[in-house]
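Notes follow the structure.
Labels for the chains are A, B and C, by order of writing; each one numbers its residues from 1.
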Amino acid sequence: MARIALGGITKSFGETAVLKGIDLDIADGEFLTLVGPSGCGKSTLLRIIAGLEGQSGGDVAIDGQVVNRVRPSRRDLAMVFQSYALYPHLNVQENMETPLRLRDLGFWERFPLLGALLPGRAAKLRALRAAVAEVAEVLEIGHLLARKPGQLSGGQRQRVALGRAMVRKPVAFLMDEPLSNLDAALRVHMRAELAQLHRRLGATFVYVTHDQAEALTMSDRMAVMMEGTILQLGAPSEIYRNPQHRKVAEFIGSPRINLMPAEADRDGRVVAQGVPFQRRIAGGARPVSLAIRPEHLTLDCGRGNEGWPFTPTHKENLGADFFLHGHLNGGATRMVARATPEQATGIPLGREIRIRPEAGAALLFGADDCRIRFLEA
Amino acid sequence: MALAEVAAPPAAARRDGMGRQGIGARGIGPGAAGYWFAAPAVLLMVVILILPVGIAALLSFTDYSLGNDGADWVGTANYERMVGSSTYTRMLWATATYVLVVVPVSIALGLGAALLINSLRRFGDVYKTIYFLPVMAALLAMAIVWEFSLHPTLGIVNDTLASFCGTGIEKVFGFFADGCARNFPLWFGDKDYAIWAVCFIGIWQAFGFNMVLYLAGLTGVHRDLYHAAEMDGAARAWDRFRLVTWPMLGPTTVFVVTITTIRSFQVFDTVESITQGGPAKTTFVMMYAIYEKAIKQNLIGMGAAITVVFLLFVLLLTLVQRHVVEKRVHYA
Amino acid sequence: MSAAPAAFAGSPFTEALKHAVLILGALVVILPFYVMVTYSLKSPAEIESNTGGVFGAQAPMVDEYCVKLGNARDDCLRTPAAYNYTEAFKQAPLLRYLLNGVIVTLSIFLIQVAVALPCAYALAKLKFWGREAVFGLVLFCLLIPVHAIALPLYIMLAKAGLTDSYAALVIPWTISVFGIFLMRQFFKTVPDDLIDAARMDGMGEFGIVWKVMLPTAIPALMAFAIFSVVAHWNDYFWPRVVITGNRDLYTPPLGLREFSGGADGSIWGPMMATATIIVTPLIVAFLLAQKRFIEGITLSGMK
């Protein structure tokens, strides 16, 4: 169980800068997710923590000790790969034994035929097998020990990969999009399992994913990365409710947050597409962006005059919720609003209704994409 | 009915291959085309490949010679001579020696070169090109050049060895002691060295080919496996080799062994041009034996028997290869 | 791509060691090429004494044969390189042999393609009764190396009176089971729709083979071409067996062999020159198109 500290990590491949200065402190035992779109550098960062890639600048420290010069095999970390990387020619038992064999058996004890002659090896092998059996039981793969990876399903392979990582009891687990190759239903199931596993082991998990739902459901804290930098670091609810950057607001949350251009006048009053807002902001007249989540829009099918005139063009039925897709003012601004099934059935497509923002739910972002706070009245 | 035929979608009719039989207005229909297209190949396969096997098998039981009208049936006499007569046991011995030396060594060198080149940062392609050159060059030409290079007096090899005389190396290696005192070996003229020199040329030519096959095999090894091995604690190159490289090269190795072995059985150029099977039949390999006995000495029956044994070896090898591959197939 | 993680690739020392080993190997590999080229440029005196540096001193040498013909010594001075290479062409009709090589290699390849391509198409795309049997036959024939059955083939050709002919040199190689197998694998990847579209456009099956399938198979064909050309240009065994008397039909390796039977010191130079001439075309082609060559020669691995 370890703290991992990254200080000023930069990485360039030739001319391209992939990581532009990452500072991150991962607490002991926490589940930290690196989330972001493809190409943002999260997998590279994970590999740098593992030691499989070298950084161009900056330090990686584990439990206070800088490990830049330490080989991956000596950092006492375990990694679960997106492709699982199980040894195809070994069965599950042997796959899971490998880390222990490499650690606990000496070079000659591992040697193909001669090793069997060395004393003490048998005892070590027994201890090894016991450790593997223990982990196999936790992950419920005990019945698969004799099979080869080619004979397993995706979910089973995933558990074996986990098992291989767990068997050594490393100080931290690094996971590189381990669930991306699973089908949707299995993915949802495994999210819960991984979260439970984390609680049970109490170990530090560093998890990489491009799926913001995974990040929201599993992490203690998440770091939203884009184009080589961490845009925001915080607990999932904080990031969801209080994004500090427009791109974070857009990336996190499904369906996407609604975004529209707005204007602030000299006095800091904000008007967005004809709708004025009560609270004001500091600073002078300038264009801003207004963001509001679909669930924070109230539908008004009556003849009220407040809010935006909204023409729904498509209803998305998700069972418990409906999402109305449409546009404002007959114009270019697309919006998505959440509705209950009852509301949705009563709203025909193509007929204009009014939608109002919930008080206090709107988020403002400046031209530099940074969050602008409303002044408290 | 004619209308229906025309109206029916042509694609559907053709898809089952029965759309048109015979030659119609548009040329051969798909149904008959199959036969016409395959026929030349089938004919040639039967006449050029299958028939000769049968003929060889038949002739191996006779004492036929070209130019005779008939031949006498001698049963298994030719085969018995192969295990009985010293000429033929030496043939089997020479062939076995050649194959059992060239195959493992050229494969090991090919693998070693591939691993080394694969791990280089730069200039890998230069070495790859150089090592592959022997494969492209006519073996006969290069054999003659090697013969010249290994010439006892004119050759560059013995010259270079002789230049070490007087530096004290005679005290370390008995080989040099003898060589400097009297003569360095005659190589091809020496019955103790000839087969090894022939093997050397075989290895020289074959290992570049194996190297390229292994390089291709290495690119197929998933990089994540090496990363996983590293995370599992395999820091040493030997550990990585045992855990990832060698198992993943399994299919390549099977293929390389089979191909190299079959090609080794077929060695001829070096022997015919340099040693002619000698000295004292130490390099009397099977292909050369067939040539000398059957073509030059017109002992067709015996030559046919050697041919049959040769084919059986090849068949055995290929079957073993296929069996091993099927047993060991593991899914990525 | 190194197997070690990028962050921990070998130290400069291990890198240097690897290069040292590889350079040593490269020297052994290149040695005969070096010997061949350098001795093709040297005079007999230099050859016997192993002097003259890489290119030979190129001091004028006396052509003994020309003296024997009755010319004055001074009229018979030649530079060794020129002497060796012109002798190579004079002592035996090397140009003719090279031509034979081209004729034979080209004919073999063209006929192989003409036979294999339609058959591969039929096996891959056409349905006909017996298709599986034909494919089974192909697989079986993969087990029979043509060199192995040289003897019965020779007898069959002898009985047909065809030894000592271009036909004998070409016929056994016209069926390339490997080519059929390779092309079939390739053709299977061509979408059926492409072929159906051609049929709907009125193309007959024969046209489909040459106008639709052939273009898609060009990469595989090129690799196969290289494989075939290299194998047959360099082939010594089969021509040796089947050309028994007519020197005009010698292929390049046979021509070279003529030189080396009973070699004495005076013709090492021209012999090396002949070897150089025979080996050079493929080496140069290889150096120009390495990727293709390596692809072609190792294509058998795609089985």
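Brief remarks on what is shown
Assume contacts are C-beta pairs under 8 Å (C-beta built on N, C-alpha and C of every residue); 3 or more make two chains touch, one makes a residue touch a chain.
Remember, it's a predicted structure, so these values are computed and weren't measured experimentally.
Two chain pairs, A-B and B-C, are compared here, and B-C has more C-beta pairs in contact (counted per touch definition above).
Nearest to the global CA centroid, when each chain is reduced to the mean of its CA atoms, is chain B.
Taking the mean of C-alpha positions as each chain's centre, the chain lying farthest from the centre of subunit A is C.
If you average the CA atoms of subunit A and of subunit B, the two centres end up 54 Å from each other. Separation between the centroids of subunit B and subunit C, computed from CA atoms only, is 16 Å. In subunit C, the positions touching at least two other chains are 5.
Multi-chain contact residues of subunit A, defined as those touching 2 or more other chains: 52, 71-72. The set of subunit B residues that touch two or more partner chains comprises 227, 230, 244. Considering their complex, residues 1-5, 9-10, 15, 18-19, 21-22, 25-26, 28-33, 35-36, 39, 47-48, 50, 115-116, 118-119, 121-123, 126-128, 131, 134, 137-138, 141-156, 158, 171-172, 174-175, 177, 180, 192, 196, 199-200, 202-207, 209, 230, 233-234, 236-237, 240-241, 252-253, 256-257, 260, 265, 268, 271-272, 275, 278-279, 282-283, 286-287, 290, 293-294, 297-298, 300-301, 303 of subunit C touch subunit B.
Listing the residues of subunit B that touch subunit A in their complex gives 222, 224-225, 227-236, 239, 243-244, 247-248, 250, 330-332. Interface of subunit B with subunit C (complex): residues 10-11, 14-17, 26-38, 40-42, 44-45, 48-53, 55-56, 59, 66, 109, 113, 116-121, 123, 125, 127-142, 144-149, 154, 156, 159, 204, 208-209, 212-213, 216, 219, 223, 226-227, 230, 237, 240, 244-245, 252, 255, 259, 262, 266, 268-269, 272-273, 287, 290-291, 294-295, 300, 303-304, 307, 310-311, 314-315, 318.
Residue ranges on subunit A touching subunit B, taken from their complex, read 47, 50, 52, 71-74, 77-79, 81, 83, 85-89, 98-99, 102-103, 107, 110, 148-151, 164, 168.
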